[in-house]
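The structure under discussion is supplied below as C-alpha cells; questions concerning it will follow.
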C-alpha cells in the first residue's frame, strides 16, 4: 500500500477541513483588520487557498472519478491570479490620485 | 273643483314663482301682475273647495274627517314609501281661507309699498313661493310633505327678512330667524322619524289613529310629542325660541304682516291643533303646551309695554297672541285657538299693514319720532285703531269674540284663567300706547310729519278690507251668521270637526274681561294722552323692571353670549385639535418618524471599507448562528 | 340599447383625450381647451345615456356588461384571472352619472386655466379615466388599478396648479397639502392591497373577477373570522378616501390647495370612491365582517358628521369651510352604509350623489370668487350678493342643499340616512340630525358675513360669473333640483340594487 | 504518530503560521514573504493529498507569480518609510468576528459527516484524465476563464497606464 | 453528471458572437486609426441587435452542453434580456463616453464581455461554471466602475467594489466548497438528487455553506447586510455604468440565484427559505428607509434598487414556479423602468453636469420630455398604475402572498408606499420648484428617441403585460424540471 492510501487512513478528512477553516478565518481577520489594500488582497488570497484546500480534500476523499474539486482548485488559482493583477491596477490608480493605499482613508463616498 | 283637487292650489303660486325667477327681469313691471294674478286665482279656487267641503259636511255630518288624495314620491320597496298628498278638512279650510286672502291683500298692498325697490320682482317671486309652501303646509296629509313645506316657508321667511340685504342688521336677523327655527325643526324631524318607526307611515291621520289604538310605545310617543312641540315652538316663536320674531321685523312690513303675523308663525299652532290627539294621549303633553303658552304670553306682554319701535310692539303683540292660542290648545280647546287664529290673522295683518303705511309715509318707525299723524293719514289712523282695539279685545271686535272663547275654555282651570285675565289690561295698554304715540299728540319729528301723507289706493284698500273683516270676522261665532253663510251647525263645526263646538257666551266673562281691557285702555290714555311725561316717572319708579323689560329679560344677550363663547369656542377648540393633534401630530408625526428612522439608519454607510466587510461577516455569522440554533 | 362599450368609452375617451392633448403643441391653448371641454361634454352625454338607459328591474345584476380577458391561466391566475370586466348596477349608474356631470362642469370651470393648461388637462383626464374605471370595473385588479390611477395625478395637479394658504397662526403650502393628500391616499391603498391579496389567496379561485368572488362569498366561502380580519382593512383603506375620521385631514388641506376643478372632482367624485369601495369590496365580499364592524363604522361616521360640522363652523376661509363640510357630509354616507338596512344604504348612495354635485358646485363657486379676489377670507367680503347676484344665488343653492333644505338633493339623501339610522341606532341618528342643524349654522353664517350686509367697496371690481362658469354651475344646480324634487329615477335604481346586497337587510 | 501525520501537522503549522504572519506582521514586505510561506505550505497539503500537479501549479503561479505581483504592488504604493499603523481601528471587532466565524466553521466541518469520510482510499487523479476533462467537459469554464483573464488584462492596462497629463 | 457528453458548440453561438464582437470593437479601436470613435457605440449596438436575432433561434428549444450549460427558454430569455439591456446602456453611454471617458473601445468591449458572463450565470447548471461566469461579470464591472480614471469618486467606488467583491467571492467560494463537499458534486442535478435522497446526511456544513453562498450572491445582488458597496459604487461609477450595475449585475445575480436554488437546493428549501425571507425583509425596510434621506440621485436610485432587490428576494424565499415567473416579470419591468430613468438622468447630466436631486429644479420647464420620461419612470418604480411597476409589483406580491408569505408581502406593500415619498421629492423638484436658470435645453434626438422608446416599454408592460408574463412563465418552467 502506497503513501497516498496511508494518508487516508492516518489523517481523517476533518483535519484538512479544520486547517482550511483556520486559514480562512485568519484571512477574514486580515481583510477586516488590515488598512493597506494590498495586504487585504493577500488576506483574500489566504481565504481562496482555504477554499481550494477544501475542494481538493473533498475531491481526494470523495468517490473515485469525482475530481471536479481538483479542476475547481485550478480555476481558483487562475482567477486569483487575475484578481491580483486587476486589484493591483486599481490600487495603483487610486494611489496615483490619492497618494494612499489605505482603504479607511477612502471615505468621501458615504451616507 | 273639489277637495281632491286641492293640490292645484299651491301649484299656481309655485308656477308664478318659477316664471318670475326665470323671466322676471324681462317682464313688464317685473311680473308682479303674474304673482297677483296667480294669487287671486288661488283665492278664487278656495271657494269651490269650501263649498264642496260644506256639502260633504252636511252629507256626512260632524264625523266627516276630510278627504285625502296623494301620490307616491319615492319608494324603497318593502321598506320605505314617501308620498306627497293633500288632506282637506275643517282646519285646512280655515287656514286656506286665511292664507289665500291675506296673501292677496299683502301682494296688492306691496304694489305701492315696494315700489321702486331694487329687487321688486324677486320680492314677488319669493312671496309667491311662500304662499305656495304655506298652502302645501296646510294641505299636507303627511308629516313628510308638512316638513317639506315647513322648511320652505322657513326659507322664504329667511329670504324676505333679509330682503334689505345691504343692512347688516337684516342679514343678522334673517340668519337668527332661520337658525332659531331650524333648531326647533331638528325636534320636528326626529319626531316624524320616531313616529314612522313605530307606525311605518308618515300620514298624520293614520298616525293619530295608530296612537289612539295604542300601537305606539308610550316612551316613543312622549318623546315624539315633545319633539314635535319643539318644532311648533320654533315656528311660532314661543319661549325660549321667541327671540327671532322681533328681529324679523327687519323685513319689509308687508312680509311682517303676511309671514310673521297672519300665516307662517301660526303654523306651530296649526301643527299642534292637528296633532292635539297625540298630545292628549301623552302624560302632561297638554300641560307642557299650556305652560309654554302662558309663559310666552306674559313675557311678550311685558316686553310689548316698553318697546318704542312700532313694528316691534306689534311683533310682541303677535307673540302674545300666539301664546294665547297655545294656552287654548293647552286646555284642549283647539276650536277656540283656531278661531283666535282666524280672527288674529286679519287684525294683526291690518296692524302691520297700517304700521307699514305709516313707515311708508314717514320713513320713521320709532314711536318717539312719530305722533300727530291722525290728521295727515286718517284712513290709516282709523284702520290702525280698529286693529289695535281688536287686539286689545274691545267688545265687539273680532278679537273680543275669539279671546272670549279662549277665556271660556279656561273657565274650569281657575289659575290659568286668572293669569290670562292679567294679561288683558297689559295688552290693551300697550296697544293703546302705540296708537296714541303714533297718531295723536304732538308730532315729535316735524320734518317727518311735514311730508307725511295718506297712502295710495293700493295700500289703503287692503287696509279697509281687513278693517272690515276685523269687524265682522268675529261674528261668525254666531250660528246664525254661520248658517247665513251656508255652514250648517255654525262655524265652530268647521273650525274643528272633531268637537262640534257651539258658541257659548257668558256675560260675566265678557263684562269682566272687557272691564280689564277698558282699564288698560284708560290707563294708557291717561298716561300718554292726558299726562304725557308720566311714562317717564313710571320708568323711573320701576327702573329695575323697566331695564329688565327693555333688555328683553336679557334672553337675547344670554343667547348671544352662548353662541359667541360656548359654541364658537368649542368650534375653535375642535379646529385647533384637528390641526395640531390629529394632523400635525398624528399624520405628519407618522411621516417624520419614518424619515427619522431613515436618518438613523443611513449612518450604517460609514464609507469605510473595513466596516463594510465587517457587515458582511456579521451577516454570515448571524445567518449561521440562527441556522445552527434552529437545526443543531 | 345597452352595450358595455358605453362604459368602455367613458374610460377610453378621457385616456384618448389625454393622448391627443400630448400631441397638441402647447402653443395652442385654445385647441387644448376645446378638446377638454369637448371630452367633458362627450363624457357627460355617455354617462347620462348610461344612467337613463339603465333598466330598472331588468332582473340582471349588472347592465352594460363587458368582459375582456386580460390575462388568464398564467402562473397563479386561473380562468378569467384578470379580466377587464365592466358593468354597472343601480349603485354604479348614479355614480357614473355623477362623474359625467362633475367632469363636464369641471372642464367648463377650468376653461380659464392659463398656466401650462395642456399638462393640466392631461392629468385631469387621467384622473377622470381612473374615476370612471373604478365605478365601472367588476374586477378586483382593475378596480384597484383605476383606484390608484385616480390618485396618481393629484400630486402634480395640486402641486403645480394649486394655491397655498397662509393664516395668522399657521400656513399650509400647496406642496405640503399635495404631498399629504397623495401619501395619505396611497397609504390608504396599502390595506386595500393587503386585503385583495388575502381575499385572492383565501378564495383560491385564481380569479380577481368580482362577481365570481361575490358568488363565492354568498355561498359562505369566506370564513367569518377571516372576514372579521379582512373587512377592517377595506373599511379603513376605502374609508380614508371617504374622509373617515381620524384620517380625514388630507381632505380639507388638499381640497383647499387644489385648483378649482380638481377640488370639484376630488371632493365631488373621488371621495365617493371610498364609500363605493366599502360597498364593493367590504359589504359585498365580507358580509359577516360588515355585520361585525358596522358599529365601529357608524360611530366613526357620526363623529365625522359632528366633528366636521363643528370644525367647519370655526373656519374663516371659504374653501376650508367647504372642505370640512365635505368631511361632515361624507359622515352621512358612512352612517348610511353602516346601518346595513336598505333605507340607510339607499340614503348613503343618494348622499354620495347629492354631496358630489353639491360640493362640486360649492368649490366651483369658491373658485369663481378666488380667481378674482385672490383671497378666501370670508370676513374680508360682504354684500357680495349685490356685486355678483348670480354667483350668490348659485352658492346659496349649494349651501341650502348642504343644510338639507327640502326640494334640494341634500334633503332626500339625508332623510333616508336618518330614517335608516333611526332604525338601528336612534341616538346616533339624532346626532346626525343635529349635525344638519349645525351645518345650517355655518352655512348661514357664511351667507350673512360674505354675501349680505353692506358691500365692501374694495370689491367693486368683482365681476359676476363668466359664461362657462354659469354653464357649469347651472348644470350642477339642475341635478341638485332634479334629485330634490323628483328623486325616484335615482331611488328606483339604487333601491333595487341595495336590496340585493348580501349584507343588507 | 506516523510520518504522514507528522508531516501534516508540520505543514499545517507552517500554513497557519504563515497566514498569521500575513495578517499580523507590521512590515508589509514581511507579510508578503509570510504569504509565500503559507502558500508553499498549502502546496505541501496538496502533495499530502496526492495532487502533485496542483501542488506544482500552486508553487509556480501562486507562490511565484502572484506574490511577486503583490510585492510590486507594495513597492509601488509605498509612501516614504514613515511607520504607519498597519491595523485598522476595528481590529478587536475583526478579531472577534473572524474567530467566531472560524469557530462556527470548525464546529460545522467537524460535526457533520462528509460522504468522503467513508473513503479509505485517496483518489489519485491521473494527469491525462485531468487534461481530458479540462478540455472536453470543462471546456466552457476554461474558455470563460480565458475571457476573465482577457478582461483582467484589458482592465489592468486601461487603468494602470499612464495617461498624458499625469 | 450525465454519462455521455453533448459537446455541440453551436449551442454557444451567441456567446461566441459576443466575444467576437468585443474583439472587433477592440480591433477597430486599436488598429483602424481613421475610424471615428463616436461610431463605436452604434457599431456595438447594431452588432448586439444582430446577436439578439441569432439567440432568438434557440427559443423553445431545450438542450444542454456537457451537462454544464442548459440552453432552454430560461437561457434564451436572459440572452435577449441581457443583450437588450446592454444595447440600452451602450446607447445611453454614447454621448457620455465621448465627453468624459478615455478608451471607448475597451469600455464597450468590456460591456459586451460582461454580458457573456451574465448570460452564463443564467445558463449554467454547475457551480464551477456559475462561479467563473460570475467572476467574468464582476471583473468587467470592477473595471468599468473605476473607468473614470481621474475621478477620485470613481476610483474609490471601484476600489471598494473590487476589494469587497474579491472578499465576498472568496466567501462564496468557500461556501461552494462546503456544498460540494457534502453533495459530492457540483452539478445542480446531482446536488439536488443527493440532498433529496439524503445521501449527504444533512448537517451544519451545508447550513454554513448556504450562509456563505447567500453572502456571496447577496453581495452580488446587494441584499442587506451585504449591500454596503452599492451606494458607493453607484455614486462613484460613471452614470451609464451605474445604470448597468442596477440592471444587468442585479438581474444576473437573480438569474443565478433562481437556477441554483430551484435546481440544486429545492430539496432543502426549508433550511434556506427563512434565511432569504429574513434578508428580504431587512433589505426592503432598510433600502427604502435610507433612501428617504438621500440627496444625490445616484445614491437615491442605489437605495431604491436595494429596496427592489428586497422585493425580488421575496420571490426566492417563496420559491415556486409562480414566484419565479413573477420575479422575472418584475425584474424585466424594473430594468426597463430603470434604464428609462437613467437615460433621462444621463441626458440631464450631459446638459447640466449636475446629479444632486435639487439640481433637477425646473426640469419640466427646461427639458419637458426628459422630465416626463423621468417622472413616468419614477412613478413606475413607486408602483403606480399605467406604468410597469404597478402590474409587476402586484403580480410579484400576490405570488409571494399566495405561497404563504403574506407577512413578507405586507412589509413589501408598506415599504413600497414609503418609497413613493422619495420619488415624489424628485418629481417635486422637476415640476414644482422654479428652474435654477431659464431657457429650454436642446436634447439630442437619439436620446429623446431612446427615452420615448423605453417609456413606451414601461407603458407596454404596465398596460398589456400579458406576453411578457407568459414569456416569463415559459422561461421559468425549466427551472423546476
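By written order: A, B, C, D and E. Residues from 1 in each chain.
The rule we apply is simple: a contact is a pair of C-beta atoms (placed from the backbone, for glycine too) under 8 Å apart; a residue touches a chain by one contact, two chains touch by 3 or more.
The structure displayed is predicted, hence computed values, not measured ones.
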Which chains, if any, touch subunit A and subunit E both?
-> B, D
Any chain touching subunit B and subunit C at once appears in the list E
Chain centres computed over CA atoms; the one at greatest distance from subunit D is chain B
Give me the ID of the chain with the smallest distance between its Cα centroid and the all-protein Cα centroid.
-> C
C-E against A-D, pair bridged by the larger set of C-beta contacts | A-D
Distance from subunit E to subunit B - Cα centre to Cα centre, in angstrom | 78
Chain centre separation in whole Å, for subunit B relative to subunit A (CA means) | 99
In whole angstrom, what separates the CA-based centres of subunit A and subunit C?
-> 66
When the centre of a chain is set as the mean of its C-alpha atoms, what distance in Å lies between subunit B and subunit D?
-> 103
Residue ranges of subunit C touching at least 2 other chains are 183
When you check subunit E against every other chain, which residues touch at least two of them?
-> 128, 132, 135, 139, 142-143, 146, 149-150, 159-160, 163, 167, 171, 178, 181, 184, 204, 207-208, 231-232, 293, 421
Which subunit A residues touch at least two other chains?
-> 17, 24, 27-28, 31-35, 37, 40-41, 52, 57-58, 62-63, 66, 71, 75, 79, 82-83, 86-87, 90-91, 93, 103-104, 106, 108-111
Identify every two-chain combination in which the chains touch.
-> A-B, A-D, A-E, B-C, B-D, B-E, C-E, D-E
So, in the complex, the side of subunit D touching subunit A is made of residues 2, 4-5, 8, 12, 15-16, 19-20, 22-23, 28, 31-32, 35, 38-39, 42, 45-46, 48-51, 53-54, 57-58, 61-62, 65-66, 69-70, 72-74, 76-77, 79, 84-91, 93-95, 97-99, 101-102, 105-106, 109-110, 114-117, 119-125, 129-130, 133-134, 138, 141, 145, 148-149, 151-153, 155-157, 159-160, 166
For the subunit B and subunit D complex, residues of the former touching the latter | 610-611, 614, 617-618, 620-621, 624-625, 628, 632
In the complex, the residues of subunit B that touch subunit C are 72-80, 144, 147-149, 151-152, 155, 158, 162, 165-168, 170-172, 174-175, 178-179, 182-183, 185-186, 189-190, 193-194, 196-197, 567-568, 570-572, 574-575, 578-579, 582-583, 586-588, 591
Parts of subunit C lying in touch with subunit E, wherever the complex brings them together = 70-71, 74-76, 126, 130, 141, 144-146, 148-149, 152, 155-156, 159-160, 175, 179, 182-183, 186-187, 189-190, 193-194, 196-198, 200-201
Which residues of subunit B touch subunit A in their complex?
-> 602-603, 605-610, 613-614, 617
